[in-house]
Each structure stands twice: as structure tokens, then as C-alpha cells.
Amino acid sequence: MNKVAIRIGDVAFANPIMVASGTFGYAQEFDGLLDFSQIGAIVTKTVTLEPRTGNPPPRIWETAAGMLNSIGLPNVGVEEFIAKKMPFLRNLATRIVVNVAGKTGDDYVRIVERLQQVDGIDAYELNFSCPNVKQGGMSFSADAQIAERVTADVRKKSQRPLIVKLTPNVTSIADIGKAVEQGGADAVSAINTLVGMAVDVKSRRPRLSTITGGLSGPAIKPIALAKVYELCRKLTIPVVAIGGIMNLQDALEFFVVGATAVQIGTANFINPACAAEIAQGLHGYCRAQNLNLQELIGSLRVEK
Amino acid sequence: MNKVAIRIGDVAFANPIMVASGTFGYAQEFDGLLDFSQIGAIVTKTVTLEPRTGNPPPRIWETAAGMLNSIGLPNVGVEEFIAKKMPFLRNLATRIVVNVAGKTGDDYVRIVERLQQVDGIDAYELNFSCPNVKQGGMSFSADAQIAERVTADVRKKSQRPLIVKLTPNVTSIADIGKAVEQGGADAVSAINTLVGMAVDVKSRRPRLSTITGGLSGPAIKPIALAKVYELCRKLTIPVVAIGGIMNLQDALEFFVVGATAVQIGTANFINPACAAEIAQGLHGYCRAQNLNLQELIGSLRVEK
Amino acid sequence: MTDNCDSHAKHLLNCRVESLAQVAFNTYRLTFASNWLAEQAQPGQFVNIAVPRCGDILWRRPFSFHQIDRHSGACTVLIQVIGRGSEALTRVQPGEHLSCLAPLGNHFVIPAEIDELLIVAGGLGIAPFFFLLQEVAAQPYKKVLFYGAASADCFCRVDELSSLTSQLFLTTDDGSRGEQGLVIKPLQRFLAEPGGKRRLVLTCGPTRMMQAVQNLCKKYHLPGYVSVENLMACGFGACMGCAVQMIDKGLSAKPFLLACKDGPVFPIDEIVIDE
Amino acid sequence: MTDNCDSHAKHLLNCRVESLAQVAFNTYRLTFASNWLAEQAQPGQFVNIAVPRCGDILWRRPFSFHQIDRHSGACTVLIQVIGRGSEALTRVQPGEHLSCLAPLGNHFVIPAEIDELLIVAGGLGIAPFFFLLQEVAAQPYKKVLFYGAASADCFCRVDELSSLTSQLFLTTDDGSRGEQGLVIKPLQRFLAEPGGKRRLVLTCGPTRMMQAVQNLCKKYHLPGYVSVENLMACGFGACMGCAVQMIDKGLSAKPFLLACKDGPVFPIDEIVIDE
């Protein structure tokens, strides 16, 4: 029996270990480095309506137990994504979640409408939260009303589960989470990166071309855990946890606070086989402890 | 000539290196470990109207390049602070900034009124942002209107400079900053800790008795830098930077983005002489580069 | 006995590593040089050592003084490898320097007028008692050591400890040396027999063990002291993170003490012993 | 020449450290064992090595293959200590294992029909050219190396390089060995003289130097290749962080290339060379 299977909307995932958008490309780069069938899902690099070239360099900087990025969502656009990337993706023995972003609410609707015609996609993740896109982006994730409306609009066009990805850069992530739940999201994923910055004192220049960028990696894990916990307490839909997960132990912490699934981000850069190893580890853990993942999820003991 | 002197309100500080509230006690524990006269100011552990015992253990947890705390503002209360702690503090050859917190706006007013009668205090820092105090605390820091009103109320009673300490756990720290500037603050300080969490998977318990706590240390430096930069761009009053500063290089980054002064927090636990060393280092840097601190402040080059 | 040591007494020292040697399973003896510290340190006190070259390990790591050579200035701690910090500290090379904040905490003060000193140590809880036993070697009272470990290869310096004590009880979880079972068992038997009138109990080790000792002290109305090993961010009273809960006797307005400053040695009937 | 290598070709390998030796000021030669890698690796490619035991150093560190013994399986990189990662890598012990992701990036492909191969290396920019020169040792064309360093003690393996080249120009900033000044100076003189018709220029080193070489290639209409050393989070095309800006020729819809995947070797007239 599969002790670690999960569901989001009406789609079943063989295990709850996914790879996070923007950290796994469209999977091709990882070919040969891990067995795709061992991971629960691949979340693609964000796809936009039109091709985007991304931000000028420098785009990345290493920080204490973390990294800053301002990649700027370079991608080939939805049409070329369908033509060039989907053929590879749809042949992989794992679930494919396509992450989409737009400058306007209408963009999200149009991309999803287009992707509805395409085979081999199992769910959508709406990126409401990328801090590196200058025009828009932030407004969707920081304004509950807009977030709810856009979710509802996309919901109408989508026959597949919708996961809405939330930014941590807000006073109350649960308010936004509740709004998208209201709008019809099947799940939320959190967190995207935190706004951060670094400076080269010698040249007096920011380390990133966009001045600020997004912070990810182990440094943000405690913050991610607090946000995910807050979401799990306040929402009824599943929460997909993201943020600083490097190993099985990290992933387990998120399950204990209530996450239904987790995504591995920055860790893929350091150990490309990380997600598969964590998935294998989770199987082993559940077997050794003789428990179902469902018993682990939300098992935090807070009475005292 | 002193190249590194600064001013906040009408008070001059010999140098811009301060120690952060809650990380330096009331200075006694550091006696013999550093020369107090080398640091610009000591910011005291938060003082409240009534004594507080603080949160039950466990109160701290180490994270990747950071730590979580939920100390809960234990302190002897304002009267005993004046009777027992001020005699030691006022004899030190450095500036004394008393950090105060209350459950209500009125509490802040009453504490500052009381402290106005006491010699040897150079400024106040209003802690609007401690995430570990259950009753209140957060509302002051996350609501611009309340923050402005409380600042204005305290302003009326204070003949000394007011620094308002801001939380990073908000959508727009600059909105709160502008509100307290409007309310009459002489400076803002930022950031307090970020809400974070850790879990003991084995026992399924949170690592802190209060479930969530405040994250500090090098892990948060990129976030602090982005917040401080945002404040420096949007406010006209001085910004005192806090967050993950471990050495001179870190401090310089904050000056480059526009901070007038910096506070050393978590680093005091690891190297009790850290603040004095950074202050000495800053003197040396300014001498070697033949520049005044004022030329360094806000020298970030963002054209490109 | 729980007197705070003078706050001026602690220093930040850069100490040369003299030697490092494995002494038991996963356990190492690290010796560094400081004449000043070797003069100052008292049994029960500890040193907070910065983990070298590990930027993500923020805090120093606290270790009890295990042996002090007051003449040569050699200060020794016993380090059990349990995580990344202790692992890194057992990779240092002689000649390297370690940043040491010490001496920290209060220390054991044994009244001269006792008949029997009963020491109950579990695992690495033995660390401070070697130093203590050396210091009280000339004292006339009886010294009884109850020393439990997981397995025979986990014991440290049993022969030397044997020569420093009047009686030594060893237990192991797996029975590979001494009596099989918890160290509490021989202690229980010992206390059940009539013995010295003025007994003092000292204990350090796993939480469960210390709780059991606490209960026995209560049962037999024995004075005792416990040395706790809370997590510590600073080790010198600055962070207030190492709070220890006091047993509520309806008296104190101060429900928490600090393990690093008010302790690590506490009267066994005063604090709540918890994970 | 800038062909991507087959994406299946890279592997995550756990390689035994064979030796570590200082070869110049602040510079070490690290050799690890991998028969597979020693067969696969091409000059210009690199290995991304995880820094052991440093939890706060997130990224692997990229190093060019410096020497490959295709028979024994010994793979050597040259490491200059510039920060904490490189420092930690020069503290590993023979016998330890390093996690290596390799081979990564494209590689130099030298057309057989050239007359002269001109290599311009600054500092550690020499690293990949040793391997390259070994590989092309049997080729008939002339090999000229322009090698600049800060000071005499910064040069690596000059005697061996000398035997692998037809002509060798050394420069140092302080004049302590070779000509005093920038390595561009002898290159300028060389190019000003009439020489081989079909010249190819390769360069790797400090940004300013590579920019100067770029300008000279333009001036003399020489084909050339530059090997860049951008910061890399992944090293295999996953993060898109190592973007290199293409020179806008009004043609390409793709203004950025990835240093780790499309490079590190680029036609010198195609990319903007920047810090």
C-alpha cells in the first residue's frame, strides 16, 4: 500500500515531494541526474503569455545559508512552452504542474485557457508572488480582493486543480490564503522568496541588477514554517509547503505543522537528486514508523 | 576630528554603533568584556510598566545562520529599572537609549512620563514590534494609524529623542515608518525579528513554548537590508539599521543603503566585544578611506 | 553553593589547542592552554567555545570543565559528538586556537561537614565530576559514584574515577559492563540501606535520570544539587534564553532562573527538571 | 566550439581526494579520482564541488579542469583561496570524499587548420589552459602563451607550460618575474608584428584583461574565445542565474546566454564582458 500518496483537487500524487518552480527548469537539465518517477510532481519554471528574456546580470548572490535571485522569469512564452517543452515533460512518469504568471488577471486566464487544450498537464500553480517582476506581480499577492477575483476567473476556465502560490511579504498570508480559497483554489503553495538585498561595499553597488531580489534557502526555513503553520490553521484546502527544505528532516517539519505536500527549491541546485532522495527517505520513514503520511500531517502537539 | 559622529534628534552620538535591545541586558553582564565608551549607545532590554516574568522554556532555538527566540520581554518593570539598573547605566561613558514597550498606547505614555524624571537617559526606543508578546504588540506595528497616534502621544510627553522600532512582518514597512515620522518620531529603527518557527519531529512539538518566535542573526541580513533601504528611500528622519550584523563589512552595507546608525544584536551573544570591535573598525575604515561617515551614508550607486 | 561568580571573572580568551584524543565511543578529550583559566575555574563551571569555520553554526557550544591542571594551565573538556558543532570541535588540530568565553556559571560548593558525597552521573554527565573529585580528593568524607552509560565503550576514565572515589557503581543499558539497567537502581539500593547521616547528592545527566534523582532526594529528604544542560545562546546572562523553571513554592516572584548565570548548578528541590 | 555537451553526460560523483599541494602563493592543486570523469572531461569544462562541512555555504564551487590523467583517472583542479569556500576546499585531507557534479559546460574546440594558437591568461585564468595545451600537444600549429600574474610567486607550473608552448611571455604587476606590467603589453606587440595568417585567440582571467583582449581581437579581426567565471548557483542550467549578456547585433531574440551551459567558453565577439 502506498502510505505517502496525496490528493490535490481530484488529482492523486504518488508522493508529496515536488520540485519548486524556477529551480528545476523544464526538467531537461536534470535528465540522468535523478529518476523522475520517484518524485511526486514537477512544477515547471514560470510560463508567461509572451516570451520574457529575464533581468540583466548580476542575477544571483549567495548569502548566509541562503541566496538572492532576481532572475526575472525568463521563459519561452506559452506557445513555445507547449511546442518545445511539453513533449519532454509529458513523457515523464510523474505529475506535471505548470506554473503560470501574468502581468494582469486576464493574462492568467488566457494562459490557462490555452493550456487547457494541452495534454499531459496535471495541475496549475498560479504564481501571484514573484517579487522580481517589476510590472505587477506583487499586487496580486498582497491584495486579497484582487487575488480572489483572479483565482475565480481562472477557476472558471480550468478543468484542472489550481494551486495558488503565495508571497510571504505580507502582513497576513492567511488573509490572502483565505481569499484564494474563497476564489476556488484547490490548494495554496507557500512560500515564495522573501524580498532581500545585498551590497558590494567596495563598488557601492547592489549585488543584483534589480537592487532587491528574492531570498531562498535554509535561512528562510523558520519563516516558511511559521507561514505554512498559519495557513494550515486558517484554511481548509491543502497547503503545499516551500522554503529552505534541504533534507527529509526539514520536509517532515512541514508535514508535522500541516502541509499536505512540499516543494524542494534551492536544494536542487546543490544536490540535483535531492527531491528523489527525500521522497525515498519519506517512504522509508513511514515504513519504519509504521505510519501513513496522513497521520503525520498536522500532528503537531501544541497543548502543553 | 570625529569622522563618525551622528545625531538623532538633538542628541549627538560619538559613533553610530549601538547594541540592540534584548541582546545586551542592562549592560552589567558585559562589564569587563568590552569598553563601553567605545560604542555609540546601549539600547536597554525592553522595559515595561509592570515587571514581567517572560515566557516559559524552551525560549530559544538555533537555525541555519540564525536563531529563534521567544523570551517574552522578562524585565523588572520601570520602577525597579530606575532603582536598580539606571545607577549602573548612567555611569557608563556612552549614550543610554531605553527601550520601552506596553500593552496599550497609554502604557507607552506612562513609562516615558516616568522616565522623563530620571537622569542619564539619552533617548527612547519604542518597541512597537515584539512578536513574542501575546497581548498587543503586533497591532502597534502593523497598523499605521495606531502607530502614528501612539507616537504622537508619547512625543508630547518626551523631551528626549524618540526612536520607533519597526517590525518587518508587514506588507509595507515604509507605510508604518511614514506614519510614525508623521507622529513625530526622531528616527526609526528596523528590523525587529521575523516571525519564525521550528519543530521537533521526534516529539511533534514546537521547539519554542510559544510555538512561533522571532528569527534573528545573519540569516535575516538580506531581508533587513531591503527593509532599511526601503525606509531610507521613503523617510526623511534617520534610520537605525538592525538585522544580522556580525562584523564591520555587514555594518558598512547598511550605511551604504542609507542607515544613520546600526545596532548589533545576536552577534553580542557570540562575541561580546563585537560592537566595540565594529566601532573601532569603522574609525579605521573612515581614516583609511579618508571619508566621513556622512559621505558613506546613502552612497549606494543604483544608476547603471 | 549557587552563588553567582563575579561577573568580572569571565573573559574572552584565545586558547591554543594542546591535544585532542578519543577517550570513549564518540567522545573526545580536548585540552587547551590557559594559565589564567586554570587558576580561576571551579568544578561545575563551563566554557563556551566558538565552533571554528562553521558560519551557519551561530552559537558557541558550552562544555563543563572536566579536568584542570592548575600548575601547567592545561584545561580539559570532554566532548561527546552529538551534532555538527561538537563534530567540528573534534576536528581541530593541536596548535589551532579556539575562542573561549570562560569561566561561566556557578559552581559546586561542598560543605566540609558532610559524611557522604553521592554523585550520580549519566553518560557525559560525568564530565564535571572528574574535576570535582580531584578538587575534593583530600576531603575526609566518603565519595560514592553512580555512573551509568549506554554501553561499556561509553565509559570515560573509569580507572581514574575509581581511584578518586570510595565506592563506584557502574551500570550499562546493555549490561556490557557493570550492572545492567539504569544507574538509578544501585542508587535506590544504596539509599535504602542505612548509611551516613549527612549525605549530599550531586547529579548530572539525561533528564529522566535527573528527575529520578530528584524524586529520590525528596523521598529520603536529602539535600542535592543538579547541573543542567539547557540550550544556551550566550552563556553569560545576556539573552535570557536558558530559562529554568522554579518549583512553585508560592514564595518567589521570580519563576525563572537562568541556567548559565544562576546555574548550571541548582538545588535539586528548587527547579523543574525538563527537556 | 560552443556546442553544448550532451545533457546526459553530467553526473553527481563522490570522488576520493588523492592529493592536495600548494603550487603558488595562495594556490593549491587538488587531485581527486574518477576514471569516468577522466575519460569524459574536455578542456574548458568544469566541475562543481560541494564545500564539505560548511552549512552556511550554500552553493557548490566551480573549478576548471586543470589536468586530467586519462589513464590513471586523476582529475586535478587548481584552487586559488579567495573566500571561505575555496579556503575550506584547501583543507580537505587525502582519503576524504568530495561531492563533484561534472563534467559541466561546453569546451574549447580548436580547428586543426590554424597556424597559431594565442592563449592569454591572467592569474588563475591559466587553470584550463594547462589541460588544453596537453590535449593539443601533438598539433602542428604554433602555441603562444601570454601569462600574467601579480607577482613571481603567483605563477603556476611555468616550466611545464614552457615545454608545452612554442613561445611563452610572462608578465608580473610588480616586475618580480618576466616583463613588468599587464599581460596585454606583450600581446599587443605580438599582434602588431606580422605573423601567422590563421590565428586563434583564447583568453581567461580578470575582467579588465579579457575586455582588452576582446578589443584587440576586434582591432585585428581575429577570431577568439573567452572563458568566463560568473557566479553560479547550480552550474548546469537550472537556476538561470549565470546570465551573460550578448552583444546586441540586432539579430538575436535571445539577449542572454547561460555561462554554465552555453559557456563557459564563448566566441569573444558575442558577449558583453562584465564584472
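Chains here go by letter, A, B, C and D, matching the order in which they are written, and residues are numbered from 1 within each.
Just so it is clear, contacts are C-beta pairs under 8 Å (C-beta built on N, C-alpha and C of every residue); 3 or more make two chains touch, one makes a residue touch a chain.
Worth saying up front: this structure is predicted, and the values here are computed from it rather than measured.
Using mean Cα positions as chain centres, tell me which chain lies farthest from chain B.
D
Once you count every C-beta pair in contact for both, which comes out on top, B-C or B-D?
Answer to which pair has more contacts is B-C.
How many angstrom lie between the centres of chain A and chain B, each centre taken as the mean Cα position?
It comes to 34 Å between the two C-alpha centres.
How many angstrom between the C-alpha centroids of chain C and chain B?
Spacing between the chain centres: roughly 36 Å.
Take the average of all CA coordinates in chain B, do the same for chain D, and state the distance between these two points in whole angstrom.
Computed from C-alpha means, the inter-chain centre distance equals 47 Å.
Suppose each chain is reduced to the average of its Cα coordinates; what separation in Å results between chain C and chain D?
Once rounded, the distance between the two centres reads 54 Å.
Which chain D residues touch at least two other chains?
Residues 55-57 of chain D touch two or more partner chains.
Residue numbers in chain A touching 2 or more other chains?
64-66, 203, 217-218, in rising order.
Chain contact graph: line, ring, star, complete or other?
Topology of the interface graph: complete, with all chain pairs in contact.
Can you list the chain C residues touching chain A in their complex?
Touching chain A: residues 55-56 of chain C.
Enumerate the contact residues on chain A facing chain C in the complex.
It is residues 64-65, 218 of chain A that touch chain C.
Using the touch rule from the top, collect the residues of chain D that touch chain A in their complex.
Checking each residue of chain D against chain A gives 7-12, 50, 55-60, 99, 101, 230-245, 253-256, 261, 274-275.
Would you pull the chain C residues touching chain D in the complex into a rising list?
These residues of chain C touch chain D: 53-57, 84, 88.
Going by the contact rule set out above, which residues of chain B touch chain A in the complex?
Interface residues on the chain B side: 63-66, 68, 142, 169-171, 194-199, 201, 203-206, 209, 211-212, 215, 217-223, 225-226, 229, 244, 249, 252-253, 256-257, 299-302, 304.
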